[in-house]
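Only one structure is covered here, and it is reproduced in the block below.
Going by the order they are written in, the chains are A, B, C, D and E; count residues from 1 in each one.
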Amino acid sequence: AKADEVHVLNWKGYGADEPWAVEAFEKATGNKVVNDFFNSEQEMLTKIRTNPGLYDVVMINAAFNDQAMDGKLIQPIDVSKLPNYADISKDKAGSPMLVHDGKVYGVPWVWGLTALAINDKSFDKPPTSIAEMWDAAHKGRVVIRDDAVEAVQFGAIATGQNINDIKDMDAVKAKLTSLMPQIKTFWSSENDWNQMVASNQIDIGTYWSGSADRAKTHFKLPVSLVVPQEGAVAWLDAFSIPVGAKNVAGAEAFINYMIDPKFYVEWVTKVGAPVSANTKAVEALPEDAFNRKVMGDPEVAKRIQFQAPITDAQREAYLALWQQLKVDVK
Amino acid sequence: MAGVQVSNVSRSFGAHKALDDVSIDFADGGFYALLGPSGSGKTTLLRQIAGFDFPDSGRIAIGGESVERVPVEKRRIGMVFQNYALFPNMSVADNVAFGLSVRGEAKAVIATEVQRALALVQLGKLGGRRPHQLSGGQRQRVALARAIVTKPRVLLLDEPLGALDKALRVDMQIELKRIQREIGITTIFVTHDQEEALTMSDRIGILRDGRLVQEGPPEEIYNRPKSEFAATFLGDANIFRGDTTGNGIRLADGTAIAAGAGATLAAGAKASCAVRPERIRIATDAGAPDGNANILKGQVSKRIFAGNNSTYFVERAGQTLKVIVQNTGMERLAEGQDVVLRWSPESTVLIAAN
Amino acid sequence: MAGVQVSNVSRSFGAHKALDDVSIDFADGGFYALLGPSGSGKTTLLRQIAGFDFPDSGRIAIGGESVERVPVEKRRIGMVFQNYALFPNMSVADNVAFGLSVRGEAKAVIATEVQRALALVQLGKLGGRRPHQLSGGQRQRVALARAIVTKPRVLLLDEPLGALDKALRVDMQIELKRIQREIGITTIFVTHDQEEALTMSDRIGILRDGRLVQEGPPEEIYNRPKSEFAATFLGDANIFRGDTTGNGIRLADGTAIAAGAGATLAAGAKASCAVRPERIRIATDAGAPDGNANILKGQVSKRIFAGNNSTYFVERAGQTLKVIVQNTGMERLAEGQDVVLRWSPESTVLIAAN
Amino acid sequence: MATTRILEWLGRLYILLLLAFLYLPIIIMALMSFNVSPFYQLPFEWTTEWYASLWQNDQLIAATWNSVEIAVITTVICVVLGSAASLALYRYEFRGKKFLQALLFPPIAIPWLITGTAMLIFFFGVGIGRGLHAILLGHVALALPYVIVVVSARLQTFAPELEEAARSLGANQWQVTRRVTLPWIMPGVIAGGLFAFAVSFDQFVVSYFLATPGQTTLPVEIYAAIRKGFTPEINAVSTIIIVVSMALMLLTARFFKFGGEK
Amino acid sequence: MAAATASRNGLRSALPLLAPAYLWLTVAIFLPLSAMVFFSFMTELPLSGKPWAFTLGNYAAFFSQSLYLTLLLASLRLGLEVTLWCVVIGYPAAYVLAKVLKGRSREAIFLLVILPFWSNGLVRIFSWAMVLREGGILDTALNAMLPFKINIDLMYSYPAVIIGLVHSYVPYMVLTCYLTLQAIDDSLIEAGRSLGASRLQVLKRVIIPLSMPGLVAGAALIFVPVVGSFMEPRILGGRTGTFYGTVIEDQFVAVFNWPLGAALSFILLAVVLVILAIASPVLRRAA
């Protein structure tokens, strides 16, 4: 990466690559943004491992920050260079997932849910229970993301367990096994989801809160997010700077820009987004905005469970389970 | 068994008339040779009879029945292709067995028949080889065996012996004739080898530019050619050109040539006389007078030895005449020697100018 | 110009000896015919001389110099390949021009020379065509023109006239001889056509299984074959086998055959006599007694008409003899007729048994 | 005769059906590049916006040019190296020739997934690294055997006497090659070149493992788009490519007969 | 026949012509494959920074979990089915092109058939969704033609994977078969029929055996990549889209377990080579 280029690794269509945002940032700082994308957290880690020195900024789900740090893939961030860092809500900024030995390895950006989203055309009134996914009426019109960790944690919620301390894996497996015949396909990108809704091929499925917002706001699709009574998985997305980054100053500027309220408000209103970790940014939203009204609702807050880091052994066990489930479909 | 009637058949490729109103009656069980320069339509004619290609007009009948709607495989023909067309994926024996096997003959019958056919063409031991392991001559014999083993009604042979050396060729000629006679197959045979055509066939047809020029038994065609082309294409001939008289022609220098055979023509018309070189007697003196004989004087310019005979080239009035003399062991004439040529009017064929 | 000396050349393919200790001296400016059955090594020998392939042992010299280390393109040969080997991507004229052009001749020179060579082979108008637009005979003539236009020292011809019909073939033979004489090219010529070999060449060599069987001028080879193979491979021969007497052999049935030529052999040894069919006189009666002549009685079983002559097959003591009679227009003998055969001892060649 | 006609007619019909099958998704692809909805939503609403935004999409355009460049270079290198190797295998006899010929098959016969991952491991390990140079290295290796096989097949139909004839006429090895052999094997060389181009240009698997961000090819970009978020700009660029290929192919068809003349 | 246009041991002359191509193949194919074999016996990648050792564990993993074998068999079946469909669809097309159609249109149609080759495979696969899904082209077209209502939703199913793969690979089959079919001399067909064989018998006994090299080459060119395919199943297969190839891809791209990925790849390679070796006598017999 050249000195005046900022190489960013993130999900596609997830804020950092919005053309208007990139343009504004470039104009303001003189840095050129080069985007690259991943398709799963696992792929993200592989990309940093196999491209040392290439990226300046990488968006890492806080639950994976540990793993990246253990692999010596990311470096501590000098938060004094980020004026907006002060406005990050304290509980998020101080999350033990992101701060190690007093050093900040990740700057909280947004948080959201892996909950359910529905095709409005298929429901007279929105369902309230996760059990809707198992309803025979939706057979062949249900989707779930092709990701072992997310799938298993979803199974944990469906069986009333703690997603970060699953005691009864057999129950999860049984629950997911019985879901498989309902499934149309495993989605892997927002685009998949949106395309299937657009052509009215699905009724319901797991979805990310920000993505559902984008589907509605930006793409005008009949999509609504449902936070089921059984709860939902929550995650905190944060920015980190990889070891060997060539443009640390640019990276800092970019991260600061990403947590700026001005960017956030524009992002939410134009495109749709999850909830910002910057309290000022959230406050800048209208009173009745989804990200304030619903996501800020204490009732909802009680129901959601934030993802915590998982061990290698857990990850392997989840992957094995998930692969087995997919193979057993045949 | 069945004869083949070709009636008024024409076939064009683009503007080129490959066959032009050809009619030939191939008699049942006959052996028929087709001759003609390269490109004269011989292969094209065989292909019409076989059913690979169809006439633009005209009619072909086999065994008295029109075959217009009969597909190739129902015509019961056997064919030897100019390029052999052996199946490269099959052994020699399987090639020969093919026709019997598609017909559903019993394995044992096929084996016996194939072995017999291979023995016939002197390839009894090569049944296991692949075509590409054979010499050109061997391939040709496999093609022959393959065509005859099914005992077809009609055998179409497109230069089937061209790649064989003399000895083998003669052997094959004898076998071919024997089989053909035994089973009585109607055989149509294309060849460039004149001796082969003359010695083997019952009748000969000469094609030129898609038209049938002359047709008849070998000796008749050889002895009574109807055109200069026929006279010189099949065998060799000395051609004299002049104006017809009552019984022959008169050359430009006034010499009269008496003819004993051929066309009857009005006196004064342009005409030619053809004389075969072997019909002319060459001598150093005039010999006993003979009122009838044509006599010309000339000078030997060259003698060419050709094994069983020699050809003398004799110069006369700006024309080179050829005379064939059998090499019986007599003393030969020297180059430069003055000679007298003499032949009978019966050896002279009168041909209308073309 | 240069002669070619082949000395003790051998060449094997695997276990198969394609050439076995062959020595031939091709005289400077001579015209040499190579004969032999298919697979006897003719093409292999030409390839050694051209330098496409190399002898396992022995030596080849052109113009007195060993060519072991001389690559093909420096040997100054011209070759006509059995399958023509015309460059398909070039026009006829460009094919002929190729040799001159790689040598870097001027454009104008090339154009003139090419036109002259094409005229020679009667293809003056076809210079612009592609090889695939030509008939087989035309292609062969292009190959010939291409080989001679560079005026090579040695001309190697592998059946160069095989695809031509008789008339064209004779024309080409004459042209070829003329050019060869004019420029004095040493020419080595492979052919299956016996008449062609006999009429065109100064000397003939006969190969069999990679060995040189006999070698000499055409008439000598024809008239004095040294083996039954040579006698029957080149031309036709009646072979009698028996024990040698002072001046001939005695057959198993006691008949004596007097020979006037050939090997001198110890009395009592096994030997053969060869008699050419055209040397035998056939008659219905014994005729005037002749103390010298060999006389046999027999019966005509068949007559085959072959254009300028006919062959009579005569049965005698279990043997079929062939007699060639020129078709001079005399009356013919009927099948079944008793006949007397008579030929001179000079027409009889004594051959050691092999 | 009638049967022949009927068969010919049926044959045409069959080819027509096959073409319909082959072109159905391509036509959809082209149509969707003019449809407003990015989700292939109907009813169809005409737009050229995707072409316009393609024009702005530097990354996609860069990847497209990378693909074209790599495919062209791959083709040139493969044609040169492959033709030379084919000639050597055709002309000369030596020990081990069979083995060398057999070695051509693994690259064709081994799934690209395996070759690609193996290249990734090896290039990474020895420091060749990844990026366009690695992609080129890989593409040439993948396409080379195709070229050698196709050119060799063409050489099988070449009569060795032609080279001999040329040499007997005084041409040296280079003159023989340039004036006689190359013209003859040209259809094979062109066919091999087309193969090489296709193998490289549509090569997704190997490129996928060897590409780095910023140094990618069109198929890799497209895969990323399909997996991570699709826009009809992809349809637009694909449509442009197929139209250009079609034009190039028809042009090629004018100059030679694929599979050789008969 | 190999022409000896030069002296008999040709290695010295051949070397300069051969060396560049084979060096290239060595660097880009043979060494990487060897490296992969090597990696497949390691516990960790050396470059991961973690300590590594030799192990058979990666191969053991294949045999200890039925999952991998199941997927391998599924992939082989997929390869076989796709290859068969390509033969069934492609061979007749090649035959018609080579032997039935005459004249100038032939070359053009042939080019049209293989043209999709030069368009992007991924996009074509992606476009199939439009055809195959419920309410897609196929569904709409069939419902428009049929008097009763049917539901055609092939998307995200095994048949969708087959259709997409056949569509991608059938031009290979047409190409290789066309090249061999076109080389069959028409006179062989005529010879067969003159010997009393019907069109069908000639096809079975002469044409198919003679075009076997093309068929086998086409089959290999299709079977091999399909067995390792991961992109098409992912896009078109939906929940049934898990195959051996997708698992290998995961090891390399997502899970970052290259040694296991290498071992799995190498097992696939071994299986494919065994299958090709079994098929090669067929090829040789037909050649």
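Here is the rule we go by: a residue touches a chain if its C-beta (ideal position, glycine included) is under 8 Å from a C-beta of that chain, and two chains touch if they have at least 3 such contacts.
Here is each chain with its UniProt name: B, C = Spermidine/putrescine import ATP-binding protein PotA; D = ABC-type spermidine/putrescine transport system permease subunit II; E = ABC-type spermidine/putrescine transport system permease subunit I.
Keep in mind the model is a prediction, meaning the values are calculated, not measured.
Contacts with chain B and chain D are shared by C, E. Number of steps on the shortest path from chain B to chain C, with steps defined by chain touch: 1. Computed from the mean C-alpha positions, the centre of chain C lies at a distance of 57 Å from the centre of chain E.
In this assembly, the C-alpha centroid of chain D lies 15 Å from the C-alpha centroid of chain E. Here the spacing of chain A and chain C, counted between their Cα centres, is 93 Å.
Shown for chain A are the residues in touch with two or more other chains, namely 188, 195, 199. Annotation for chain D: residues touching 2 or more other chains are 40, 124, 164, 167, 226-227, 230. In chain B, the residues that touch at least two other chains are 71. Residues 7-8, 11-12, 14-15, 18-19, 21-26, 28-29, 32, 40, 81-82, 84-85, 87-96, 100, 103, 105-115, 117-125, 137-138, 140-142, 144-145, 148, 153, 157, 160, 163-164, 167, 194, 197-198, 201-202, 204-205, 209, 218-219, 222-223, 226-227, 230, 234-235, 238, 241-242, 245-246, 249-250, 252-253, 257-260, 262 of chain D are the ones that touch chain E when the two sit in their complex. By the touch criterion stated above, chain B contacts chain E in their complex at residues 50-52, 71-79, 81, 83, 85-90, 98-99, 102-103, 146-147, 150, 156.
Taken in their complex, chain A has these residues touching chain E: 40, 42-43, 45-46, 49, 71-72, 140, 180, 183-186, 188, 195, 199-201, 319-320, 323-324, 326-327, 329-330. Across the complex, chain B is touched by residues 37-39, 135-137, 163, 165-167, 192, 194-195, 198-199, 218-219, 222, 232-236, 276-279, 281, 304-309, 324-329, 344, 346-347 of chain C. Chain E meets chain A in the complex at residues 48-49, 65, 67, 70-71, 74, 129, 133-136, 153, 155-156, 234, 237-242, 247, 252-256.
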